[in-house]
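Here subunit A shows up in two complexes: once beside subunit B, once beside subunit C.
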Partner chain A sequence: MVDLIAKTPLADLLPAAAGGLTLTEAAPAAITSIMPFRGKDAACSTALKKAHNVELPAAGHVAGTDSARVVWTGRGQFFLIGDKPASTAVGKIAALTDQTHSWAVMRLEGDDAAAVLERLTPVDLRAGSFFQGQTARTELAHMMSVISKTAKGFEIMVMRSFARTAAHHVLEAMHSVTAQRQIN
Partner chain B sequence: MSRLAKGGQLDRSQQIPFTFDGQTYLGFKGDTLASALLANDVRLVGRSFKYHRPRGILTSGSEEPNALMQIGVGPQTTPNVRATTQEIYRGLAASSQNRFPSLSFDLMEVNDLLSPFLSAGFYYKTFMWPKAFWEKLYEPVIRRAAGLGALSGAADAAHYDKAFAHCDLLVIGSGPAGLMAALTAAKGGLDVILADEDFTLGGRLNSETYEIDGAGCSDWAAGIVSELAAMKNVRLMPRTTITGAYDGGTYGALERVSHHLATAPDHAPLETFWRIAARRAILAGGAIERPIAFPNNDRPGVMMAGAVRSYVNRFAAAPGQAVSIFTNNDDGHRTAADLVAAGVTIAAVIDTRAGAVAVADYPLITGAQVVGTSGRLGLSEISVRTSAGIRKIKTDCLGVSGGWNPSVHLTCHMNGRPVWREDIAAFIPADGAIPGLISAGSALGEMSTHAALKTGADAAAEVLKDLGKKAPRVTLPKAEDAPVTIQPFWHVNGAKGRSWLDMQNDVTSKDVKLAHQENFRPVEHMKRYTTLGMATDQGKTSNMNGLAIMAELTGRSIPETGTTTFRPPYTPVAIGALGAHGAGKSFAPERFIPSDALAREKNARFAEVGLWYRPSWFTQAGETNWRQSCDREVVMVRASVGLCDVTTLGKIDIQGPDAPEFLDRVYSNMFSTLPIGKVRYGLMLREDGMVMDDGTSARFGENHYVMTTTTAAAGQVMMHLDFAAQVLWPELDVQFISVTEQWAQFAVAGPKSRQLLDGLLSEDITDETFPYMACGDVTIGKVKARLFRISFSGEHAYELAVPAHYGDAIARELDKRAAEMGGGWYGMEALNVMRIEKGFITHAEIHGRVTADDIGAGRMVSAKKDCVGKVSSQRPGLSGPEREQLVGLKPVGTVKQFLGGAHLFNVDDDAVRMNDQGYITSHCFSPTLGHTIALGFVKNGRARMGEVIKMVDLLRNVETKCEICNPVFWDEKGGALRG
Partner chain C sequence: MRINCPICGERDSREFHYRGSAKLLDRPAPDAGAEAFYDYVYIRENPTGLNRELWFHDSGCRSWIVAERNVTTHEFFKTELAVDAKRGAK
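Then we have the complex of A and B:
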């Protein structure tokens, strides 16, 4: 029998650090896209609550915990990210697709995390404007991305094929910010 | 040495060596290049643009027109750097510009003697004939003689950055008004950004000696700055120039990050261009002192009076040993008093006002004017016209003050026009000229320190109120509140010699008079006729005087005459900074296929397809050009089996009760009738009836399809679907999402393709279980995969999709199996050859101007249903014999060469536009057939099979006789496909 070995998109490139900043790959066990069918948002939320103990968040928000969180990713679109794929019960009222392998997921952490990201994305990252529980589908150095605030920094998702480019730019910005902290 | 023994904001413990024109000098930490040069008695710093006149430092700020330097040596030198803003660092190498062979002996100075011929408008009138001479002779010669610094010609290797910042309040300028505004707003709870172009915050306070709240004003400023620095909601941005005001509260800003460092830390940018989104802004950019025009006022040693004060107070550098002052307002006297206090000798203060009174112990001449200067390469004497006649005064520095112009620039960036304020004889910003921006301090014309502090605090209180916050209690510090007393005086009349207005573009008051005489009287016309204010300083020290003279000549008032248009940027911005994140690797993201690593190991040569990097061919030992590799790969596929990473094709997962109906509407052909487990080829039309894209869709369930698109059109198709679902038919219950990246997909093509899959998949694949155009779930070990029996090569072929984390592993497994049966990888070139042999189209054919009928797919526009573009496609002229139709072409003469884009003509016709019969879209050498083949469009082509026609390429001079044939060159019946 053929035994294929899985390799996550950033396995060769991360983790990396600069100054007090770290960039690591957070390869979640499962990402399922959830797009509720017409009029099924509430039912979908209930089904999710039952199966995964998390509800659909409002636009621009994240709900749940690391083991099962739902990230708003666009109009009528959510990603369930965590240990398990979405339950088939949810699949009856929403279109589900497996997105586990579609995305490169990075965690940028450190006191200067916002100073790094402000070089790559136009999103208002100030603590008072973008706090834990919020997410933005936005541009990151010419790439489409999903950026969410985490306790220690940010979670950055880009499509798998962009992994190398994204890691390069984030790392470059980490080094740049670190270097600039040395300038008076 | 003109360095004063004490005072100044210098760190005298850090002595810094630097060079100017090869000579080494010493300065201190805290010096600008200009202050260090003055402290070293260097007065001559440049040659003027047109006449190569000797020039010295005029100002102490970013408005400097004269002291422009080339910084650095070698290919990465920076031209036109203002010495007045450049901080010195160990090893700084500055050179003067626009002189030959040297600064003190410039051969081009002859231009000055020719000045009667080089006045405004001269070029236009003189160099008109013969016409061709302008471009070839006159312009190059003039350009060589007239100029600023030079670029090395090498690409700019510096690292620039770009960034975004957000705040509640952006405070522009950190003088008394800016500091007070920032402090008040920050205490009121707003997120504040305080930006200033200087490296030390404090603005003019760093150059003055008066007291605020009983402390020296620069100490007070430093105290407030440290208070602000300690606040979490305040971001201080020194060395940052706000360059422009744009829509929606967005401001451009240039941060000079490491221009002041001998060696910047690795990875630090040279400059960062910021876009600051601010809910509100306060302009506290201060004011710029304006000169008075008088004959030979451009001699080195003639400076702005406020600048002389800055050099003495802030930099402890006396610009002269015997300084004189020429003023029309009280501020000139403040300079004199400060100099006296610092121990600098005052030769004389010349005030145009008869009733002026001295405020310290210095000789004062009232009701007088400076009418001339002398001294080769530097001032040694001035002529003063008094009621008693001309008086000569020995002086090596003349400080001039014609009053202060509020820095209204930013408020005009959205077409605002400044407003004239008579009492200070200057323009001030118009209210509301930039939505969300208010002005304070001397930028608003409130010139006293008290007024600056007060208007700064008031502006912040207004912003706080506006944003629903309570203004904090802020006690206004005590400061001087001297009124502005000024008698407008723009230029000296009735004296011999040229009076310079724009020192950077060498424009004199006479040029303005000439513009008037030639009827270029509106200021915008005058500006273009004389080039006044068109240099890199944008006339910060000259525009006002120019328009005042024009006002005088036309007999209109200054406000009636108006100003020219202020445009961004406020000070020059390097193109490199604007282009940050747009060059090199940052130009466009790179997308890599799942088998990228393996492809590189196998010597793939890559082509960019959109953002993707796809192998074009795989070079093997002994192969010296792409054709050898390509031919080998084609033969390999047709003989055994080939592998190709096709992950890049767009994959869209479509689900929902209305998914079948949705697909029927977006595709021209029927998909609701497609059985589950089957794939169908589909054509998508644009609204105008032209073909948009083609691809296949597979049905995995009653309400579940997976659509594939071409690599190039993946984004466009997704947008089209989104538009259709959201706008055209919001009533349809359908959901879709890209799954392109979820699946690593590989084409396995060739007679041995099934043999390769045998044993790899848990399922048994036969023609019965998996016929042509079948699709379904399969398993590889523990991994769930998808298999599609589709072919773009015409071979018995499959596409195998595995979750992308397994992409590299499956690619290596397939590679191993293929190698065992004489197969291997093929690239885009071989793929292209095989699809041309099969007559399959790509975007070379469906280029946006062809209909379904043109490509022979007219019957794919179903008669049984409607679809996007159907009605349009039925318009007259979009199908039939008058159209150019897709055909194949094969050579029949001695010349066998086809060329893409070449046009087709009847054999006996001339190759001219009117005889055009069509064109070639794709061509290749077919190793399968042993000759060249092509696809193209020929007028009524389908009815002309067998006819001989000629391809003519007039650009590359090739003519090829060819026969029109079926576009399917190989396996017309499709036997290979079906296995």
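Then we have the complex of A and C:
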């Protein structure tokens, strides 16, 4: 049988850099949307703990590690992102949807990362108000996005169909911030 | 203009979509008759001052929100999740 080679959403565009900033693609092996049935949040958290060793985070937060993390993505909705899709045990108390190939995931890193996003999103993502482990569902250059704070910067998720546009806007802002730093 | 989302906190109004009067939450009973439905679908107050309205946090947490806003000054007084307003806040 022919073994097809999967292409990630940003394979043609990233990695890229400007000044001390880098933009790379993080292509997680699996993304599953989890929407707990009404009143089943606690049971869902227990099932996730058992199957993936991670619990449901509070609204606006991320829990877990790179190999299995849960990102809050909206009212009553979470994404399990990591090496494996959500276990079928979780599917008994929550609606699961495979989102693996639906999202483009980027990592923006560098000291000026918040200054870059400042130009694209209305949420205050500066170090004093947005901390590691926090996530915001907001606009990125008028595209809906999920932006989470990581150890070295931000993880940015947009729908796959917006991958090229989102990368363009972030890169443009990276070059703009870098240019401004050279003038000042 | 900033709107206080009960889940996300205060956010820029560009993340929200305005849907109209919160009267939409008070759907008449199925047997209420044509007059009641005509009123529900088409008849709206046009107040100056306080208005109770529905906003959708579409670029954010995707919640329907009931907001009390002064339509003259654009000042927001109270926001709550529409689901709480409808089912009764816990």
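Brief remarks follow.
Here, the second predicted complex is superposed on the first by the 183 of 184 C-alpha atoms of A that agree within 3 Å, B and C clash if a C-alpha of one lies under 4 Å from a C-alpha of the other, contacts with A are read in each partner's own complex, and residues count from 1 in each chain.
The working rule: contacts are C-beta pairs under 8 Å (C-beta built on N, C-alpha and C of every residue); 3 or more make two chains touch, one makes a residue touch a chain.
None of these values were measured; they are calculated from a predicted model.
In the superposed model, A:20 makes contact with neither subunit B nor subunit C. In the superposed model, A:122 lies in contact with both subunit B and subunit C.
In the superposed pair of complexes, A:59 makes contact with subunit C only, with no contact to subunit B.
Shared-chain residue A:137: touches subunit C; no touch with subunit B. Partner contacting the larger number of subunit A residues, of subunit B and subunit C: B. In the superposition on chain A, A:183 makes contact with subunit B only, not with subunit C. Of the two partner chains, subunit B is the only one that A:4 touches; subunit C does not reach it. Of the residues of subunit A, those at positions 75, 77, 122-123 touch subunit B in one of the two structures and subunit C in the other.
Taken in their complex, subunit A has these residues touching subunit C: 59-60, 74-75, 77, 122-123, 136-139, 144. Subunit B makes touch with subunit A in their complex at residues 161-167, 191, 257-258, 261, 264-269, 272, 275, 277, 581, 585-586, 588-593, 612, 647, 653, 655-657, 726, 733, 735-744, 760, 780-783, 802-810, 813. Subunit A contributes residues 1-9, 33, 35, 37-38, 75-77, 94-95, 97-103, 118-119, 121-126, 128-129, 141-143, 159-166, 168-169, 172, 175-176, 178-180, 182-183 to its touches with subunit B in the complex. On the side of subunit C, the complex with subunit A involves touching residues 7-8, 11-12, 14-15, 58-63, 81.
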